[in-house]
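The structures considered in this document are given below.
Same chain, two partners: chain A is paired with chain B first, then with chain C.
Then we have the complex of A and B:
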């Protein structure tokens, strides 16, 4: 390497270390906010698919088929650049002066949680169905109402069944945040690209970004392990 | 390739919706650049946008007496962002192509790309004709390789490489007598490889680089055209040019 690696990765105005960490921070923020919104959306969609109303089942089916059947990149492009236009048209249609612009971060979260929600709904649906019917029957036989059965029997166990699938999706989400570079969000991978072009040291910066992603997924794995252990308590192996 | 197709599809979809805001006087002009293509547009380690495109953008704004903001925008989303009205112009070393003309309008060019031949200093090659019988390298599937095959295919031994780097290493090892490439990356390489030089005249391939604006935004396009002409005439352009290249790139 022609230049000292540590001076290139230094913090402050001479090195790129602070830019990379700022990128990692945006990546983490994006992923966590999208996870929260996506989980809520996923639950709603799962119950939509399990609903007794045919129209609702059909609607959620179409949504999930659309999202799962199109590349993430296309969905994000449409949300990032299309949502603004829809809002703009609606506002001018209603007679408002429209200077409105969806903040970049919000647009990215919207796109990522729409995708996460669609996949998570299938995990939730699987988890819902994984609760043994015998337990539900037993609870009913004890005289519980259907909302009590849901609260006391289904929900606590759904969580246990859903964790492996959800943590998997979380890992995918963490890496999908790199797609947000198309709307000029300076997330980790984009910062690595800018730094590598500016310094002509692509290997150094892409490897550094890779290490940071590994640190993030490594931490996620520890959290997953803890969550699984706490969800498994009471279940002897 | 898939990304390119998807981006194109998104542009069409967005354009169908697009409200197509036009530029009006007294407005702040929002300009996008890529920020990952030095020395034309890049970032310094403090995170500031720097480079030829950025300097030109600032000079044009000063000339037009307008307020400008310059933002960095990744290349994949740079045209969709313009169409979706996230900014008003792209000054990011974008070549005028027929494909792009379908989604955006271009101003007059503010610089041009040429091909140049490089050889060892003192090689005796002084014109394109001198390349006859010599081995000439270029990167595969580029404008340079196309030109070399079309024009030197019969007279010279044209060798194509998968990467520019591979061609450079054969030039330095002596397996190539000369190499053809886009002028700017070649100039950059020559800076760190003394002992090699440009030979023969530059080859005009009609690759013009211009500012992109939304379709139909004629007022802004005309304003940029007038400003480009003005900074060419008053020497501002030459000053910026000299900061990056010792030859006229217009």
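Then we have the complex of A and C:
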């Protein structure tokens, strides 16, 4: 049997190795783009939660509670079908023929970054508040304006406090990309599904996909250790 | 046994009928017309959550004891187990077990086939395996955050490994780990929605079925509200337990410290 296994996982027209790797590449792209969008959203939400306007605080709180208590899978489907209907309505409204479709990659990025942003905003808020108040008072006593305090004192240190939380969220995000297989985006798990349906070898291909995910999270783990070490530079632990 | 199962089934039907009769006048027509489906799914999700969290906790205790036993023969497999289950997506684990192992069929699985045929059982198994890895890691964090002096004091009192574990280490580690454990239960609830991809009609499965018929987006919002209700109730229960088991006059550790929180 092992010969059979290797020919199934081979590269080229006969094997599925290259398809799986292409899927892994889509997975990584999806995770990175969602990370970028999610970080921006997270920062915006964090400032919403720290704002002086009660309505804004309340609104961001409701959003975060919604994301924390709703399955990622449901959020993803809601965004996918929601965007689909919005685009469809806009297209027909503007007089185009229907049959307009939202790219699956964009829908998956939207769903994943909405989730990532909500959790990231918690991390950012924690990091913002973790800067000791004495330092802020000292900076103000030196005559810095509040924007200077933010730029020179808070922002550089927020990074240090936010890194452990953000790297943790990255791991969650990387694994959550697999949900996009359900909306038929050609990422790693979906490619494994296609391969297993074509060859009737689901065990082999799903385990292979699992191993590739393990490789991706393993690499992330190494990067995480490096980042955390660099963020803690010069601080006694 | 069969009688109990039958009356439990009757109870479930009565429950969803009763709840829906109560909700009927205060909910929108679209929800009310599909209410029994939603509540049926709600109950299935609740069952999965209760069973997987209880069994998963028991498995996690075994794993963490192996992990901190100090014997490589036990701790290395335990470490490998948590690494694999925390390093791969839940959906992949579920599909490996359901579609992968399930493809071996009756010929390959023998007496296990009736088990692997049912999405509900495979879903439960996957959730147990997955959550036990995370909970084991959370408990390990609690054990390692315990002041070293306590363990030494227990040793000095002549307590053996098992007695130390039972009286000193575990009760305190559980208190330290409790907030993180609560987070994990919420994540487990959300993860359980994935069993709808292996034919289980849990809350997510019912929501998707109803949506496929009506193509009305508010169906997803109703599903989300029901998940939020469950998540809110779990949070309240866990907080109640936390207060009950807190030691009076002992300040609780800053559990929300992101640097020490166990990683997902």
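Keep this in mind: the second predicted complex is superposed on the first by the 219 of 237 C-alpha atoms of A that agree within 3 Å, B and C clash if a C-alpha of one lies under 4 Å from a C-alpha of the other, contacts with A are read in each partner's own complex, and residues count from 1 in each chain.
Quick note on the criterion: a contact is a pair of C-beta atoms (placed from the backbone, for glycine too) under 8 Å apart; a residue touches a chain by one contact, two chains touch by 3 or more.
Since we're looking at a predicted model, the values are computed, not measured.
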item: Clash-or-fit label for the pair chain B, chain C on chain A; value: clash
item: Which of chain B and chain C A:65 touches, first, second, both or neither; value: second
item: Which of chain B and chain C A:198 touches, first, second, both or neither; value: first
item: Partner chain in contact with A:176 - chain B first, chain C second, else both or neither; value: second
item: Which of chain B and chain C A:209 touches, first, second, both or neither; value: second
item: Touched partner set for A:82, first chain B, second chain C, both or neither; value: both
item: Chain B versus chain C as contact partner of A:190, first or second or both or neither; value: first
item: Contacts of A:217 with chain B and chain C, given as first, second, both or neither; value: second
item: Residue contacts with chain A in the superposition, chain B compared against chain C; value: C
item: Touched partner set for A:136, first chain B, second chain C, both or neither; value: neither
item: Touching partner for A:74 - first (chain B), second (chain C), both, neither; value: both
item: Location of chain C clashes with chain B - one stretch out of 207-215, 225-233 or 243-251; value: 207-215
item: Common ground on chain A, meaning residues reached by chain C in one complex and by chain B in the other; value: 71, 73-74, 77-78, 81-82, 85, 181-182, 193
item: Partner chain A, residues of chain B touching it in the complex; value: 2-3, 6-7, 9-10, 13-14, 17-19, 32, 35-38, 42-47, 71-74, 76-77, 80-81, 83-86
item: List of chain A residues in touch with chain C within their complex; value: 65-66, 68-75, 77-78, 81-82, 85, 123, 126, 161, 164-165, 167-168, 171-172, 175-179, 181-182, 189, 193, 196, 200-204, 206-207, 209-210, 213-214, 217-218
item: Sites on chain C touched by chain A in the complex; value: 84, 86-93, 95-96, 99-104, 186, 189-194, 196-197, 204, 207-208, 211, 215, 217, 220-221, 223-224, 227-228, 231-232, 256, 258-259, 261, 263-264
item: Chain B-touching residues of chain A, taken from the complex the two chains share; value: 13-16, 19, 71, 73-74, 77-78, 80-82, 84-86, 88-89, 92, 101, 181-184, 186, 190, 193-195, 197-198
